[in-house]
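Look for chain A in each of the two complexes below; its partner is chain B in the first and chain C in the second.
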Partner chain A sequence: MTDIAAMGQTTKDTARFSQGSRMVGLVSRAGLTLAILAVILYGSLANPVFFTAGNFVNVLMSMSIVGIVVVGMTFVLVVGGMADLSVPATIACGAILSLALQPYIGPVPAFAVAVLLAGLTGLVNGVLVGYVGINPIIATLGMGTIVLGIVQAAVGGVIVYGTDPSSADFVKSRILGVPMIAVIFIAIAILGNFVLSRTFWGRWTIATGGNYSAAQASAVPVRAVRAGAFVITAFAAGFSGGLLGLTLQSARPLVGQGYEFSAITAVVVGGVSIMGGFGSIPRAMAGLVFVQLLTNVMVLQGVRTPIQGFVLGLLIAGAVALDIALRKRGVA
Partner chain B sequence: MSAFVSTLLRYRVAVILCLTLAAATLIVPGFASLTTLSLGLDRGSTIGLIAIGLTVLLIAGQIDLSVGSVFAVSGIVGIMLQPALGMGWAALAGVLAGTAARVVNGFLVVALRINSLVATLATMLVFRSVAHWMTASQPIPGNDIMFSITLSEIYLEVFTVCSGLFLVSILALHVWLTRTVAGRNLFAVGSNALSAEASGISAGRIMFLSFVFASTLAGVAGVLQSLATNTGSPVYGSELTVAVIAAVVVGGTRLEGGRGSALGTLGGVLTIAALTTAMEFQSVPAYMQQVASGLILILLVVLDRTVRTGRRKPAAAPVHA
Partner chain C sequence: MASAASALHMRGIGKVFPGVKALSGVDLAVRFGTVHAIVGDNGAGKSTLMKILSGAYAPTPGTIEVAGTEVRMKRPADAQKLGIRMVHQELNLVPDLTVAENIFLGRMPRRLGFFDRGGMVRRAAAILAELGAAIDPQQRLGDLSISQQQLVEIAKAYAAEPRIIVLDEPTSSLSEHETAALFRILRKMRDAGIAIIYISHRLKEVLDIADEVTVLRDGAMIETRPASGITAAEMIRLMVGREVSNVFPKTPSTIGRQVLRVRNAGDGERFHAISFDVRAGEILGLTGLVGAGRTEVARAIFGLAPLTSGTVEIDGAPVTIGSPAAAARAGIAYVPEDRKGDGIMPAMTVRENISLPVLRRLANRFGRVRRGAERELAGTYVRKFSIVPPDGERRIGLLSGGNQQKAVISRWLATDPKVLILDEPTRGVDVGAKAEIHGIIGQLVANGMAVVMISSELPEIMGVCDRVVVMRDGRASVPLAREGLTEERIMALATGEESAEGEAA
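And then the complex of A and B:
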């Protein structure tokens, strides 16, 4: 008797919930687009410089460096790996080594070696997280410290400068008015989107993040998939670091500081769940566009850097709280 | 053989500490002296005070990445308010700033149910920004340079105010964890929050209080450090997080919660302190010290993980909801 009553109760609840969730679902889908439009509108009204081609190219340039990391970080979040905090170290690895090795082996091999070594960091991260089963944040925090220390030791803890101006020219060149860096970034984003949404690896990634045990039972190589996300991120961060180094033509050990938070903020604000199993590259990119435009408006309006960091921190906390609230209502 | 190994693993803190000390004594000439002990204890007490708070948090199954930032903020508040409030009240305000910071963390984790790693990652950024904002990214000097000399005065040839405070706190923590009901409840919550809740322990309240406790101690450490150096700086404590987590983990406290001890943390802190002091004596660059604490952290966590999985069925990937 009571069981049947309880069952009736449950059905009613489900029906009511799914109706409510359609509304919430719409908000969660359209919310970010609206927010981006609102920032653009505010920016255009508040500052005459904002809505100009020059400014947008600037935004695109700074977006590209973070964006390449965001592509990797999306994989980490979707697979349920929470975050890769070794990104500053892998960026520094990419930037410092791709400049420091230039005189010895030439710019292209230097770049390749730098990215490969960064990827190696990711491999260690991946083994620690995927196979040994260490908490990802602790593993990447520790690895980040180690790698940054080693890279600093390798160059003697100083700032390194580029020796090959032609490589800088290549990075700064433009195709049809679009900066080379942005072209590379867009290509990587499209590639990442293809892998995540169209290939078996992407399906495995989402399955592992959604339900680890179920994925394991379905013969998904869960450990390798978890590890793979960190390898992808490290390669992306190393690549982005290399490009950053070539653009700046100088690299100091702390060059990558803050990129991990920018990347995480973008991914989380884009609505990719921090608990894994849900998310896509376009969503993360929308988050990236929003955060970058917001930062740009803040810079143009003369908001001081610490307050910008404050706003970003609040954005992460707010977005994650929203994600959890939405999950409770059955929308993801 | 296996009994020997498991005994070795249980007291691995002591083993690691002895090995570190032995190696340091062999390599660094003049390492084994009272001065070194006093110096090591003094520098250990900064990470030690934070480590005490973190031990409690880890036992409750939570973590806090923002300790370094809270450390900086409290120190700055402690220095900045000196002209207005006088030293004692300013120091108290600094400690309270730490408490307030972690009330924010506790609220995010307990009330909004955000994973503590993510929540404190966000607040780490926020508090660091607050620190930069308050000081305009400049270190600020304190009023009374004489007080910092008082703080670094050595009593009984070994103890300073900081290290004395640290040792007393850690003994108090030991008693609290092993002899009181509240301490036992903490372990219960950390092992299994749901069962603890079912047995009538308010898991949320305990987690919240552990956050407040941890923050207050980070605040105390921050204020003491700032008073000792007579400066408040926004970059203080940025390299502390890894060292503190390493110290606690070396002490055998489990990252997943439910296991840990005060004396283990004491051992861990002493190990890290001995290591950094020895490396400083040998003028090893700061970044190599970072490599060392990172390596220790990773190695110990791997050891912890493999030993446990060796005994039982391999655990599934850690899922934090």
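And then the complex of A and C:
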């Protein structure tokens, strides 16, 4: 990169420049809505099963478990923490403990302990990333491996089964036809949106991700804010894991595998910047809806699994490339 | 050397962005072997003009001639091929590479198809020697001071054997001493026949170095004159379109009780045994060459870096400051030197930038930020300091440097501090905004605030401050009273020609 070329990309404080890029920003925002509509249209035309209440309930159910993780993961990306790769471990922690502890302390305390222990993992992640300054990818990967190991050792590496049918009935119940899990997910998403977009903590999160040293020099407790994002994600993943365990009434240590990837895909496709400082829960939710509907259509159409993975991988790469391009143009 | 030959002739240059006419009808003629200065307020069109010259934008309409031949530049690489090189305010260097590697980045010398390290180091050494810069080409760039890095950036441009070099605010991070060294280098390049386009806010320097001066205002060319036929006051008048009677207005204020007292402060590395105090209604200047440790002292007092020795007292009570949040609670505020790096969150609005340190106070018991109160707070400062445009919902990154600075100052005034530390508050802002910022500082001390102002600009220090502390190599002079203080005396202290143990104020 030569210095002159770099100058062409220096797009900071020229007011004129924002005019064109605002349009680009609008297109990027409306783009996702259009994409969702396109998938729905295609799905409805291509497969008679797609546009049915039953199918949508299915999509909503599978969306809800990962969606709760997406809420947390949004905080991690916005704060500039890249990604939390310990999610499979915290989900397993939530799922296994909420089932395994049922005979001893009852279903509700079991669930609470499971979520709290998952949150503790997040606290360690947060301290490592925010205070010690370890790269988030490495810190969460390491913590995930450790926690998964402990959980596996604790339950002897076998499948754990539920012993309390009433708790299973609760998560499978419906409110006005909407599955309980979806109701919980939507409530958590609304709460997450409130925290990120309305509270001082959310503002601190966005500021820290936007310009760490400026946030620090503005008396924002940047280390705590960074750590907080990982605590939030771990709580979300633990909660999500607990619900998953109750739904399945069984849990293996690898039950959470792949959720980290799905959550990151949804957040990134939703247009939340991987470089931090920009993003919202509604955006991440739009990304989630799009990815889930697309996956659903592919499954219904009998697209083979490797191809599905290929498509999702392309989506991530495309979304990240778009993010970088928009950043250069001063939009994101 | 054909010193009268035309190096660059831009004719009728215009540029329209959606909704805004950034430039219209600009003519610029620069000859080889001369230094041509371009001055103008922020937003006058200097950077747009330079982007056109660097090939980043195409002019519509207008023509560009380089060395008498009309050219069309579609991309920055075209401008480089024509021998046009830019030296930016923000350095484009790789800290982990050596000086020589940076100078030849992307154009590494080769021998028999292999990278020729020895040849590269020799050529880099020759170029640095030619420019009179005492820098070892094999040093890691990141180990150099900012001013040395600036020289490397210039050497890099020079090594490409350019016909035209454009320098954008090259002295903004240099002390006066280092500026003089830079000017020696520029004169050498000029004498070698290169056309130099020099963009600066510092009018005194412009008069010092330039052969010709072009003034831009509101996207139009106002006038081009030989530098010998214009004064700084005239330039200011042409730039702002009005007379500015006193660039450094000093509002009288009554000096009261001691507010901040620093004794024997040191960080064990960059500064040692720093002692000074600031009283209510007083502006204490902190100056010295770049690298003398001024910013480090301020950052440590504000909790951005640790103090390893010494004490800080506020209103007579010792305080321990481990973080900016603690400093804010103690009543200390700091407006950092590097506005883009440490000052603003560019993607956030002016309102969000102002409210950041007081967000908790603006939040209800559920942590929800009360929008109305926040808007009101931001609106108050936007009006009070005439932030342009007067819209708190505008992304701060879109504002001019001066208006960004006013917002950053507002952010800290919102915390109601007892001491305000301003680090180079007027760097990179235009003359109009500079006078406004000085006016704001004047108001603050008139209302009893204690202010510490770090500045490399001696006229600013001399014009604004009540007392001055001069730093050199991490040590501070005793505070010197403004009466009887001269720029020469400060320079003597800053460069070590006079011992720092002068008489107390």
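By definition in this document, the second predicted complex is superposed on the first by the 310 of 332 C-alpha atoms of A that agree within 3 Å, B and C clash if a C-alpha of one lies under 4 Å from a C-alpha of the other, contacts with A are read in each partner's own complex, and residues count from 1 in each chain.
Definition applied: contacts are C-beta pairs under 8 Å (C-beta built on N, C-alpha and C of every residue); 3 or more make two chains touch, one makes a residue touch a chain.
Note that the structure is predicted; figures quoted are calculated from it, not measured.
*Asks:* By the touch definition at the top of the document, which applies to A:Gly277: first (chain B), second (chain C), both, or neither?
*Replies:* Touch status of A:Gly277: second partner only.
*Asks:* Give one of first, second, both or neither to describe whether A:Pro165 is in contact with chain B, with chain C, with both, or with none.
*Replies:* neither
*Asks:* Please indicate which partner A:Gly31 is in contact with in the superposed arrangement: first for chain B, second for chain C, both, or neither.
*Replies:* Neither partner.
*Asks:* When the two structures are overlaid on chain A, which partner does A:Gly313 contact: first (chain B), second (chain C), both, or neither?
*Replies:* first
*Asks:* With the two structures laid over each other on chain A, which partner does A:Val195 touch: chain B (first), chain C (second), both, or neither?
*Replies:* The answer is second: A:Val195 touches chain C but not chain B.
*Asks:* Would you sort A:Gly106 into first (chain B), second (chain C), both or neither based on which partner it touches?
*Replies:* Neither partner.
*Asks:* Regarding the shared-chain residue A:Ala214, is it in contact with chain B (first), chain C (second), both, or neither?
*Replies:* In the superposition, A:Ala214 contacts chain C only.
*Asks:* Report for A:Ile324: first if it touches chain B alone, second if chain C alone, otherwise both or neither.
*Replies:* first
*Asks:* What residues on chain A does chain C touch that chain B touches too?
*Replies:* 213, 216
*Asks:* Would you pull the chain A residues touching chain B in the complex into a rising list?
*Replies:* By the definition above, chain A touches chain B via 80, 82-83, 128, 130, 132-135, 137-139, 141-146, 148-150, 152-153, 157, 212-213, 216, 222, 226, 253, 261, 264, 274-275, 304-310, 312-314, 316-317, 320-321, 324.
*Asks:* Which residues of chain A touch chain C once you look at their complex with the stated criterion?
*Replies:* Against chain C, the touching part of chain A is residues 1-8, 10, 12-20, 194-195, 198-201, 203-204, 206-207, 210-211, 213-221, 277-278, 330, 332.
*Asks:* Provide the residue numbers of chain C that touch chain A in the complex, in ascending order.
*Replies:* 17-20, 22, 43, 47-48, 50-51, 54-56, 75-77, 79-80, 84-88, 90, 92, 106, 153, 156-157, 302, 304, 323-325, 327-328, 334, 336, 340-348, 352, 356-357, 359-360, 362-363, 366-369, 395, 397-401, 404, 411, 415
*Asks:* Please give the residue numbers of chain B that touch chain A in the complex, ascending.
*Replies:* Contact set of chain B toward chain A: 63, 65, 108, 112-115, 117-119, 121-126, 128-133, 137, 241-242, 245-246, 255-256, 285, 287-291, 293-295, 297-298, 301-302, 305-306, 309, 314-321.
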